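In what follows, a structure is listed as structure tokens, so that the remarks can point back to it.
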């Protein structure tokens, strides 16, 4: 029985790189889609808003694993055989878009209505109100939950092996199948995830404090 | 090329699907009840116990909240046997789900506890209540009432996260869908059916939890709701 | 044997000394008002009496209990010393009746039936019998404060402390609270009140203490104190309060 050496560790670290890459791509893709959904959600048009609400509610009420499978096999049915990284990114991107849409929608709505009144009274157009007054404040409000959600995303990358993508969790499984040292291997994997997620969680908490300190009357 | 969905082969296995769904419900229900109970105990230990105990609880919570549920599952199922504890897949799933949910719930309850204004505590102490009595009657009940929406979200997330236990071949809903898929080769249909059932179960759970919230905490409208959104495992 | 005996109490918050040697006493059934500007230390002094604040030196004895930080002794003290806060601090998740019954049941082992009778009695005392099953957020500020008084009364205290209990109320609601307090005083309750209500202090409190910068600046029968203040500080304080 081999023990864990630098080869194994570098395999894990290399896979960590894939985890981070996947996180970044799905976050960006999901963020773009989520932004659009958020705007649709806030639309005055009842039908449009309802579609957005349904999109968000459904994606938030089904397991990420199912989103992975459905988008993978859905794409296959459409004739698209995406490479694992892209397949995983698209699927996670959908999941991300629903959650970010909801977070950002909430952030925009959290900007006090007085800000809208004040900027309207200064004769700003709606677009100007958004660009110069509301969005800057909404972005600040959205930082803590968005960073917090990033932590969730990192953790959720652990299940994308079902679409054939090898990231950190899958690397751990493969190593364990070879070496049969689950405690040490999954322990190491857990430590790596922790080292990524814990600072992000802390950051989110810090941002929350800073934000609230600024808002207190 | 027109899509041709064939649901028949999938739905023909409705017995298996039903069993899978039942197992999902059982696992989730048990994890919710035990996880929530554990969270109350951990919160009490954290609030009233000595400093070292608070540290232990905090470390426990941070460890479980900053690592993926899948890895925790693997640690329990594959790792514990190294320590001499051999669990079946279902037992390991149960344990991992409970531990994970207990950590998230503790964090949520803690937020609720910290939102209780200290003047409430002063009032309780000034009425000659002990620390334990203040915690139980003045802090805990209003705290849980305030965070019940966040707790409910977390419970629903655990229901959805239960799908991950299929990774250790537990025949709950996802595991069953995978088996049906491999037999019938109707991948999309299998998972659509499973997804629809998850959707229905999630909705049902939300309603049940909402009802429990109304029944147990009838006066929450008078209390500010603490807006801590639940997080996925 | 005074109901409250305060001897040379010093208290600091960090490096700032807020009580610089306070000494006075309150006789049984006496009502004493403590007045002064914010920052004079009056609320801090009150909170030292029931142990919510620690003091560094001096001695306080109230209702036969010596004030120290021993939790068991503090609890015994708090069964005999009631306090009403500026922000009422009612328990929002309990009805008025439940708010009142909670402490007697938990700390004195009172049975459910007895507690209910007790609650109804004190609620009648403050004129809110019909609100037994209401929740605090359905009541006005004045009503909530009266419930808070009833909640303390249910513990059958020997001494009652009032910490600016009308300061957070709209002017038209203070009257109903002051009426209750006046009745309590007349019925012989030993009361120590920190208050901004000069008129009330003058007419209901036998003795008034004027605090300034952490010391007792003037002390004596209320009528004398208000009609013939001896120091400039009290004079300007009274003038600034003319309504």
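We just call them A, B and C in the order they show up, numbering each chain from 1.
In this text, a residue touches a chain if its C-beta (ideal position, glycine included) is under 8 Å from a C-beta of that chain, and two chains touch if they have at least 3 such contacts.
Computed from a predicted structure; not experimentally measured.
Fewest steps needed to get from chain A to chain C, stepping only to touching chains, is 2.
Core chain by CA centroid proximity to the global CA centroid: B. Between the interfaces B-C and A-B, more contacting C-beta pairs are found at A-B. Note: centroid distance chain A to chain C, computed from Cα atoms, is 54 Å. With centres taken as mean Cα positions, chain C sits 46 Å from chain B. Chain geometry summary: the mean Cα position of chain A and that of chain B are 20 Å apart.
Residues 1, 3, 62-63, 65-72, 74-75, 78-79, 81-83, 156, 160-164, 166-167, 174, 177, 187-188, 191-192, 194-195, 198-199, 202-203, 229, 231-233 of chain B are the ones touching chain A in the complex.
Contact residues on chain A toward chain B in their complex (touch as defined above): 58, 61-66, 69-70, 73-74, 76-77, 79, 103, 145, 148-149, 151-152, 154-156, 158-159, 169, 172-173, 176, 181-183, 186-187, 189-190, 193-194, 197-198, 201.
Contacts from chain C toward chain B in the complex involve residues 50, 52, 71, 74-79, 82-83, 85, 87, 89-93, 102-103, 106-107, 135-137, 151-152, 155. Contacts from chain B toward chain C in the complex involve residues 119-120, 122-131, 133, 137-138, 141-142, 145, 217, 219, 222-223.
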